[in-house]
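Two complexes, one shared chain (subunit A), two partners (subunit B, subunit C).
Let's turn to the complex of A and B:
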């Protein structure tokens, strides 16, 4: 469905996406994680054809993507994207007129559920409500691929919870590729199926979230007991306090010896360690 | 099947409020000036209220401002917002052409009507030196109001597409090269008699052509040729 073949995107001399090869063969709910400036937005814009690659080839449904050939089946929405200063109802009507597969009933239902005042103009909405409206417009499109960049920015905890429910319902109603970039890792982990981690423009990991429950764990105990176990394991980070240490592992589970505890690593801790683990150890 | 080009055109018309506002302000100012002159002017025996030999720009010609300003807002502001609503570049390309065609037709119609009504009244009351109207100065009205409308439409459509194309390309190197070339042509061709002839020939074709149909055809062909360059510009424009 989506294929990156050795794709590089440079802004000036800086590579925002650096020789990325990635394949998303079928529908799924993906969570795209990365630090600020890691290349998440650029990766999404490349899929949508909003920016062109400097090198390599991107294909969506077998068709090459470029700024001149934006794939019809992709809908990309940025959280802070500028919109016409029209009434909410008019913006939805305009989006419906501009798109082939726009589900107006879904948009209507969502504006009611999130208590969006359809008579208000876009600039009169709070930042969170602007983001909500933009996201509702994106999800109302029955495109095969939906890309949401930081969709929960500016949301309070209740809105985020409602939003995650909305995403899940939208996905269940129209199974497709949904890629959500966010910093609220553990919240999105509850609903996403797969995880993509990007750092410094490179894909560090693409895996099923269920797989992480099995493979991401922490071994803690006396350093003298933990250290010998790390030889054959992929240790993504370590923290030490005196003679006690915790080693964060991304590998097959082991049966630890007595004196060494094994605990599940949360997605947030896993992310922090896999992206910043080596830096944290210094 | 939805007409997405029409949706883009409608969206453009709804979102050029500054262009409307500035045009209306200028036109209201001119209207107030005319009314003020009528109020304070004293009719002489012939019923004339103005100063002998008074001239003014035709009221309708101020509507050109709407087209000129729109060519700034549409490519620079509306493009990204249309894309953010899920619009496609091809629809924006077609929709903008439709926008300019409708706008050029509306402005031309208003100009012809105002020339034949408001301007004539004002000439008899205030500006017996006549009005500065492109319909008159370019000789189009000599072909009759209907032909003049089409001549003005073709010219304004060319003007709109040219400005849209030039402004849209300003974030690209070739946009700047085009600016320099246009300035160079004007500054170099004008003072040199031999080169000036080619400039005169060009303007004779698109404006002062004695054959209205050739003028209309030349403007429309040139407009389509220039506007098609936008496919290249917008295809490469990042959002």
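Let's turn to the complex of A and C:
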């Protein structure tokens, strides 16, 4: 469905996306994680054809993407994106008129659930409500590929929870490609299926989130007990305090000996170790 | 959910406990994956994985168009496996901790008998 073949995008002399090869063969709910400036937004813009690649080829549905040929099946929502300053109800009606398979029922249900005042004009809405409306319209469009760049930025905890529920329900009702970038890692970990980690313009990891449930863990205890276990394991980070250490592992689970505790790593801690760890090696 | 076991394993443990205690009967419908992900606030794919593992092991089977049900003999199998784990691992852990604390096996057995007597009077 989406394919990157050795894609580079440079801004000036800096590569925001650096020789990336990535394939998303079928529908899935992806979360895209990376530090600020890691290349998340550029990756999304490349898929949408909002920017052109400096080198390499991007195809969506087998067709080559460029700024001159933006794929119609892709809907890219930036955080803080704006709509015409019309009433909410008119914006939804316009979107429905432009798109044959617009899901009016879904749009209606969601505007009610999130208590969007349909009589208000776009500019009268709060920041969070603007994003909510734009996303509801995008999800109702039934586009095959939806890219959401930090959609929950500036949301309070309850809005984020509602928004994530909206995303999950929409995905379950209409499976397609949804890619969400966010810094609120453990919240997205509860709903997304797959994980893409990008760092310094390169893809560090692409895997099923569920895979980490078993494979991302910490072994902690006396260094003399923990160290010998690390030989055959992929250790992504270590913290030592005197004679006690904690080793973060991304590998098959082991049954630790007495005196060594095993704990699951949260996705956030996994991310910090795998990205931070790589940085320290340089 | 606690931190030591993978989440899918903890879901399996809870459903198995509910089968042993009779919350779910043989051929009875169990909680759906959507309900699991909502109730325990876990990723839906993790819930699907837990149920998949229980189906592979023969604990559950699929009733078409209805949902997942408890297989014949599942309760006995789970009970036997847990009994075995209790007699081995749990008692091992008990003995190790008792040794660390300087409690003799004799004292331990006496403490168990006193507890049992007290509980039976309840």
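Note that the second predicted complex is superposed on the first by the 272 of 282 C-alpha atoms of A that agree within 3 Å, B and C clash if a C-alpha of one lies under 4 Å from a C-alpha of the other, contacts with A are read in each partner's own complex, and residues count from 1 in each chain.
Here is the rule we use: a contact is a pair of C-beta atoms (placed from the backbone, for glycine too) under 8 Å apart; a residue touches a chain by one contact, two chains touch by 3 or more.
Computed from a prediction, not measured in an experiment: that's the story for all the values here.
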**OP:** Sticking to the clash and touch definitions up top, decide whether subunit B and subunit C on subunit A clash or fit.
**Re:** fit
Subject >> First, second, both or neither for A:209, with subunit B first and subunit C second >> reply: second
**OP:** Taking the C-alpha centre of subunit A as the vertex, compute the angle to the C-alpha centres of subunit B and subunit C, in steps of 10 degrees.
**Re:** 150
Original post:
What is the contact status of A:157 with respect to subunit B (first) and subunit C (second): first, second, both, or neither?
Top reply: neither
**OP:** Determine, under the contact definition given at the top, whether A:81 touches first (subunit B), second (subunit C), both, or neither.
**Re:** first
Original post:
Just subunit B (first), just subunit C (second), both, or neither: which does A:94 touch?
Top reply: first
Original post:
More residues of subunit A are touched by which chain, subunit B or subunit C?
Top reply: B
**OP:** Examine A:262 and indicate which partner it touches, taking first as subunit B and second as subunit C; both and neither are also allowed.
**Re:** second
Original post:
Taking the superposition as given, does A:241 touch the first partner, subunit B, the second, subunit C, both, or neither?
Top reply: neither
**OP:** Give me, in Å and rounded to a whole number, the least C-alpha distance separating subunit B from subunit C in the superposition.
**Re:** 30
Original post:
Both subunit B and subunit C touch subunit A; at which residues?
Top reply: none
Subject >> subunit A to subunit C touching residues, read off their complex >> reply: 168, 172, 189-193, 208-210, 213-214, 253, 258, 261-264
**OP:** Report the residues of subunit C in contact with subunit A in the complex, numbered from low to high.
**Re:** 3-9, 37, 41-46, 49, 96
**OP:** Would you tell me which residues of subunit B are touching subunit A in their complex?
**Re:** 2, 4, 7-8, 10-11, 14-15, 78, 80-89, 91, 231, 235-239
Subject >> List of subunit A residues in touch with subunit B within their complex >> reply: 45, 50-52, 66-68, 70, 72, 75, 77-78, 81-86, 90-91, 94-95, 97-100, 102, 134, 137-138, 141
